[in-house]
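Paired with chain B in one complex and with chain C in the other, chain A is shared by the two complexes that follow.
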Partner chain A sequence: MPAEIGKGKTIPPVVKHITQEKINLYAEASGDFNPIHVNESFAAQTALGGTIAHGMLILAYVSEQLTLAFGQSWLSGGRLSVRFKAPARPGDIVTVTGKIDSIEERNSISYANCRLECRNQKNEAIITGEAAVKLAGDIPFCHPDPERSEGEGFREGRDSS
Partner chain B sequence: MQDKTISYEELVPGYEFPPASYELSDSLISKYLKAVDSSEEIKGFGEFVPPLAIAAYALAATAGSLSLPPGAIHASQELEFFKLLPIGATIDCHAKVARKLTRGKLCMLILELNVFDQSKERVQSGKATILLPT
Partner chain C sequence: MLPQEATQLIGKAGETVILEVEKGAIKKFADAIGDRNPLYWDEEYARNSRYGSIVAPPGFFGWPTKWKRAMPFFSELRQEVIDTITKAGYSRVLDGGIEFDFFQPVRAGDTLASVPRVASIQERETKSGKMILSIVETTYTNQNGDIVAKAHQTLIHR
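For the complex of A and B:
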């Protein structure tokens, strides 16, 4: 297990700016043209009051964070469970944060159990959830940029409790 | 994508949606990576299909044969990744209704998703909870 991975370590955040253009691009790429995402006049008349980003778009940002932190260990051995707590809207700046809650050994394999959050610029929770990453000994931290993987993969967690 | 759709009212627990196949072509994945505003560092994993792209297409395959009312909202998602796939791979997406609940004005649909590659090996599984307006 790489020395950087340990209980309490903070996973470097990912920050994204949500725009209607990005939501429209995601609709085209995924084929999800639910009007709540892409039809501004329809969405304005709903209880949400306007268009919202696809939950899977925001979840892609969560996966980006975990990919940068854990590399192939995440891509081929990750498990994720999230709740979409509030919508992300055009104009929002969302920040995905995460922390390793525990390292667990099962059948001689280490797993990093992580707590995840995505919040908007008003500090409202957009997504909350957990991820578990199988830390296979031969594919730790496969970050494509070796300098970053050695130096910036994880930070010491600040006690936020 | 299917021509026929089934409405939410017709769904029952255990209903299996028609399986759908997707070729995860270079152009499809490039479009996805642009849509999710991927960082340059993520593009360093460019030979592999991002697992969330696979999940998105599995959901799209289900949505293509399901008629949901406008305003349906994704409430929660579980995913488990088993295998990396290279760009150009073809996936088979299977989905079924795990649960269907109606409580007052709230309707909840829980879908189970399973994705396999052409060797019939499981690539990904998941569970999506969708809230629907009545």
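For the complex of A and C:
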């Protein structure tokens, strides 16, 4: 296991700017065209007062953070439990943060138990959750090429492997 | 006491949805979420990875080949659970969270079968009154018969 992975370690944050364009792209990619996400005049008439991002789009940011932190390990298996606390809206800047709570061994496989949060610019929780990431021996703490990602928060934990 | 109509739903399976995972759809999805990990689109990079081929970001399970409502998350079974419990007097529905278990990567070229099933319906007594928790479990199985993922969606009915 790489030395960087350990209890109490902070996972590098991922920052995303939510725009209607991104929500529309996600609608096309996922096939979820619910008007609450894509129809601005319809959404304005509802109790929400405007369009909101798909919960699964924000969840994808949480997953992206785990891939950036744990590399290909996260893609081979694990558990992600989340609760949707509030919607994210166009114009919001959301930040996913996380921390390794413990390293646990189950059936001779190590898992990193992480606590995760996604908050908007007003510090309101959008998603809270936990993840258990299966650890394999050969994984860098960070994605090999973090510059490829849109995330702006890779200053820490960047020197990987 | 749980309404009988609700308890009768426990264990009920919904319609199987067949999902085709194409590399073009994976790229589109990865672009949409802004995740530029080359594993999702660069065939050469992916070939040299431990997976040997393009994989999908966790949470992307492909396109339904039999297009009905939307993605399997919004299955008719889930709607039936909501409608049944609403009729029993619990008309407010709140999100209780989603839990994913990822067992294997989803690869470009996979054909997945997703089957929703009512895993549990339970009554809870809280300070603010009674509520019902319903859990729909969706299992995703690939063409080799391997379970690649399970999703548990919890709804709170008050």
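Rule of thumb we're sticking to: the second predicted complex is superposed on the first by the 139 of 161 C-alpha atoms of A that agree within 3 Å, B and C clash if a C-alpha of one lies under 4 Å from a C-alpha of the other, contacts with A are read in each partner's own complex, and residues count from 1 in each chain.
Note that in this section contacts are C-beta pairs under 8 Å (C-beta built on N, C-alpha and C of every residue); 3 or more make two chains touch, one makes a residue touch a chain.
Since we're looking at a predicted model, the values are computed, not measured.
After superposition onto chain A, the partners chain B and chain C occupy overlapping space and clash. By the document's definition of touching, both partners, chain B and chain C, reach A:Arg79.
By the touch criterion defined above, A:Ser102 reaches neither chain B nor chain C. In the superposed model, A:Thr46 lies in contact with chain B only, and not with chain C.
Once the two complexes are laid over each other on the shared chain, residue contacts for A:Gln121 go to neither chain B nor chain C. Legend: residue contacts after superposition of the two complexes on their common chain; A:Gly31 is shown touching both chain B and chain C. Shared-chain residue A:Tyr61: touches chain B and chain C both. Common to the chain B-facing and chain C-facing surfaces of chain A are residues 16, 22, 25-26, 28-32, 34, 55-57, 59-61, 63-64, 67, 72, 74-84, 143, 145, 148. Every residue of chain A that touches chain B in the complex is listed here, in rising order: 14, 16, 22, 25-26, 28-32, 34-36, 42, 46, 54-57, 59-61, 63-64, 67-68, 71-72, 74-84, 143-145, 148.
Residues 1, 28, 31-32, 34-39, 41-42, 44-45, 48, 50-53, 55-57, 59-60, 63-64, 68, 70-84 of chain B are the ones that touch chain A when the two sit in their complex. Of all the residues in chain A, the ones that touch chain C in their complex are 16, 22, 25-26, 28-34, 55-57, 59-61, 63-64, 66-67, 72, 74-84, 129, 143, 145, 148-150. Residues 25, 28-29, 31-39, 49-51, 55, 57-60, 63-64, 67, 70-71, 73-74, 95-105 of chain C are the ones touching chain A in the complex.
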